[in-house]
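So, here's a batch of structures to check.
Each of the next two complexes has subunit A plus one more chain, namely subunit B in the first and subunit C in the second.
Up next is the complex of A and B:
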């Protein structure tokens, strides 16, 4: 019986590969959008404007304080109620982007604030504009603090993307859920699901660890 | 949207929400206790002299950290029955949450332990303390103090992760929102109330975390 199910599972591998692509697409899109929005918000949060800082801070707290599943449901069920019709895929990308942006915002703000303030003062004294300071002085140094947790955040993003299977996006987890109805060998089916996630996440985790080690070496050399 | 917001329904369903709120609280508390225990044990195994014990814990930690919780949850939910083990849903949920967070706690505790200067451990050995005595009197008290903040952060993550249990039909906060959606078709009221309850837990834990950080400064200053 076991080998029969195993053969069945091997036969449905193309289905799993499709799910893998869906996971990569959803998390890849939100990774790019989330990084851009997160960097902008992070710069705002580390800047002087009190009102903007407060708004971004409140938004970050709202996203961090509620489960991602609830956020997905809110976006998927409530936005149509106010006239925005969304497909599951679009809702998933919006929810994930929102989540990624809020976390990346915190990482970026932390990184910017970790740059010694003398650097900014020296830049101001040299007559650099605010944009030039950010572009040539602050961000390059902040990147050293930002990069390792940023990659770690990408791992979380890929893992969190499994939650969007709850609104019917056919990603790896959803494929596993559909397959297990047909092949009642949960360990085998979700073992395979786990392996597929592992293939994406493990290199990213190692990259994050590598960056962390490298960045610390650089900063202790200074 | 706000004029359509129906507070009467929320009041009507308040008993359900309170019941679900307490369910979320004790499911998370139970998993939290288990996770800290699993974390301490697997961290001790990870740092063990024996290669085999260490790599066993390493495999556990890495495989949990590089797969999503939802896939792990389904792995146990569909996998245990296929092995002939029948458990109530909530036990399956608590097991999955415990094992998931346990791996993260192991990493947090490991970071705390490795931050302790090795000379202290050597001094412990020189004073003739046994392994357990060194753990109990030298390593763990310091490691726990140093890791309190990341541990509380992980506790917040755990509470939020418990929302995924609604997907294996455990009645907790997120499920209450789904109930309101399916019985009254009021997703706005349902999920925003759910989110509000999660925010209560989030702000309590965050407040405690900030408070403890202020208190711990005194300890680190010596």
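Up next is the complex of A and C:
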């Protein structure tokens, strides 16, 4: 029986690969958009504008203080109620982007604030504009602090993306749910699901560890 | 060149600059001294608006520094500032440190800025360390890069905030030598320092501050041999006996 199910599972592999691509697509898009938005919000959070800082801070707290599944449901089920119709895929990308951005915002703000204030003073004194200071002086130094946890956050993002299966996005997790109804060997099916996630995440984990070591070496050199 | 008129500054409730009046002429070297917490650093940090003032007027090169409409980039480009803790950019080489502002603020093309940077680093005695990162340089070398960074903007004024206080004794002179050369070259300078030898030799005037006020302004010889105020006498006694 077991070998029968195993053969069935092997036959279902193309379906799993499709799910894998869906997971990669949802996480990849959210990763890019979330990084961009997260950096912008992080810069704002580390800046001097009190009102903007408060707004971004409140948003971050709200996102961090509510379960991701609930956020996905709010975006998917409640937005249509106010006239915004979303496909499951779009809703998933929006929800995941929102989550990623809020975490990345904190990582970026932390990195910027860790740059000694003398750096900003020296840059100010030499006449560099606020944007130039950020671009040439502050961010390049902050990146040392930002990069390792940022890549670590990408790993979490890929794993969190499994939640969007709840609104019908056919990602790896969803493929697992659908398959287990045909092949009632939970361990086998979800073992495969786990392996597929691991295949995406393991290189990222290594990259994060590598950056962590490298940044430590660089900062001792500097 | 620099003109303070009734300048007042508060940090919250703390009145750190009290009715400061001071004129610094072009080419003049003014040394500011006084006990710690007397407002010396704050005084020179107001000149390029690293610190805002709350009352009075501060004019640099006929531009009002604390007027909201003033183009601060223009003023700051004319003023080199050297910090006690160097504040070099650790991710850039010595050459990168001195060329970034000329390229981005003055919009000088890269090749020209690098030539200017090399020449200036050679001038402060660091021709061999152009490609070194700050962490590979000694304190004295770092501070000379910091001075070169200011000079590369071809400023009209150089401000020094305790430039030798963070240095080991044997490195102080290499920095002071560069500053002496600058002074001889006719640079307008304000220097917060406890290096009384340097003050005697190079300064046109010494400003003695205490408790946020200017107590005395005098040529160095007069101030060091015959201070007029009691606080000045006490200060000199305390630094000369240490």
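Heads up, the rule we're going with is that the second predicted complex is superposed on the first by the 222 of 222 C-alpha atoms of A that agree within 3 Å, B and C clash if a C-alpha of one lies under 4 Å from a C-alpha of the other, contacts with A are read in each partner's own complex, and residues count from 1 in each chain.
By our rule, a residue touches a chain if its C-beta (ideal position, glycine included) is under 8 Å from a C-beta of that chain, and two chains touch if they have at least 3 such contacts.
None of the values given here were measured: they were computed from a predicted structure.
Student: Touch test for A:182: subunit B only (first), subunit C only (second), both, or neither?
Tutor: neither
Student: With the two complexes superposed on chain A, say which partner A:62 touches: subunit B (first), subunit C (second), both, or neither.
Tutor: A:62: touches subunit B, not subunit C.
Student: Please indicate which partner A:213 is in contact with in the superposed arrangement: first for subunit B, second for subunit C, both, or neither.
Tutor: Neither subunit B nor subunit C is touched by A:213.
Student: Taking the superposition on A as described, I'd like to know which of subunit B and subunit C A:70 touches: first, second, both or neither.
Tutor: first
Student: So in the superposed three-chain picture, is A:127 touching just subunit B, just subunit C, both, or none of them (first/second/both/neither)?
Tutor: second
Student: Can you pull the subunit A residues that subunit B and subunit C both touch?
Tutor: none
Student: Mind listing the subunit C positions that touch subunit A in their complex?
Tutor: Touching subunit A from subunit C are residues 48, 50, 72-74, 76-77, 79, 81, 83, 85, 87-91, 100-101, 104-105, 133-135, 146, 149-150, 153.
Student: Quick check: in the complex, which residue numbers of subunit A touch subunit C?
Tutor: Within the complex, subunit A touches subunit C at residues 116, 118-119, 121-129, 132, 136-137, 140-141, 221-222.
Student: Which of the residues in subunit B end up touching subunit A in this complex?
Tutor: Touch residues, subunit B against subunit A: 1, 62-63, 65-72, 74-83, 156, 160-164, 166-167, 174, 177-178, 181, 187-188, 191-192, 194-195, 198-199, 202-203, 206.
Student: What does subunit A use to touch subunit B in their complex?
Tutor: These residues of subunit A touch subunit B: 61-62, 64-71, 73-74, 77-78, 81-82, 155, 158-163, 165-166, 172-173, 176-177, 180, 184-187, 189-191, 193-194, 197-198, 201-202, 205.
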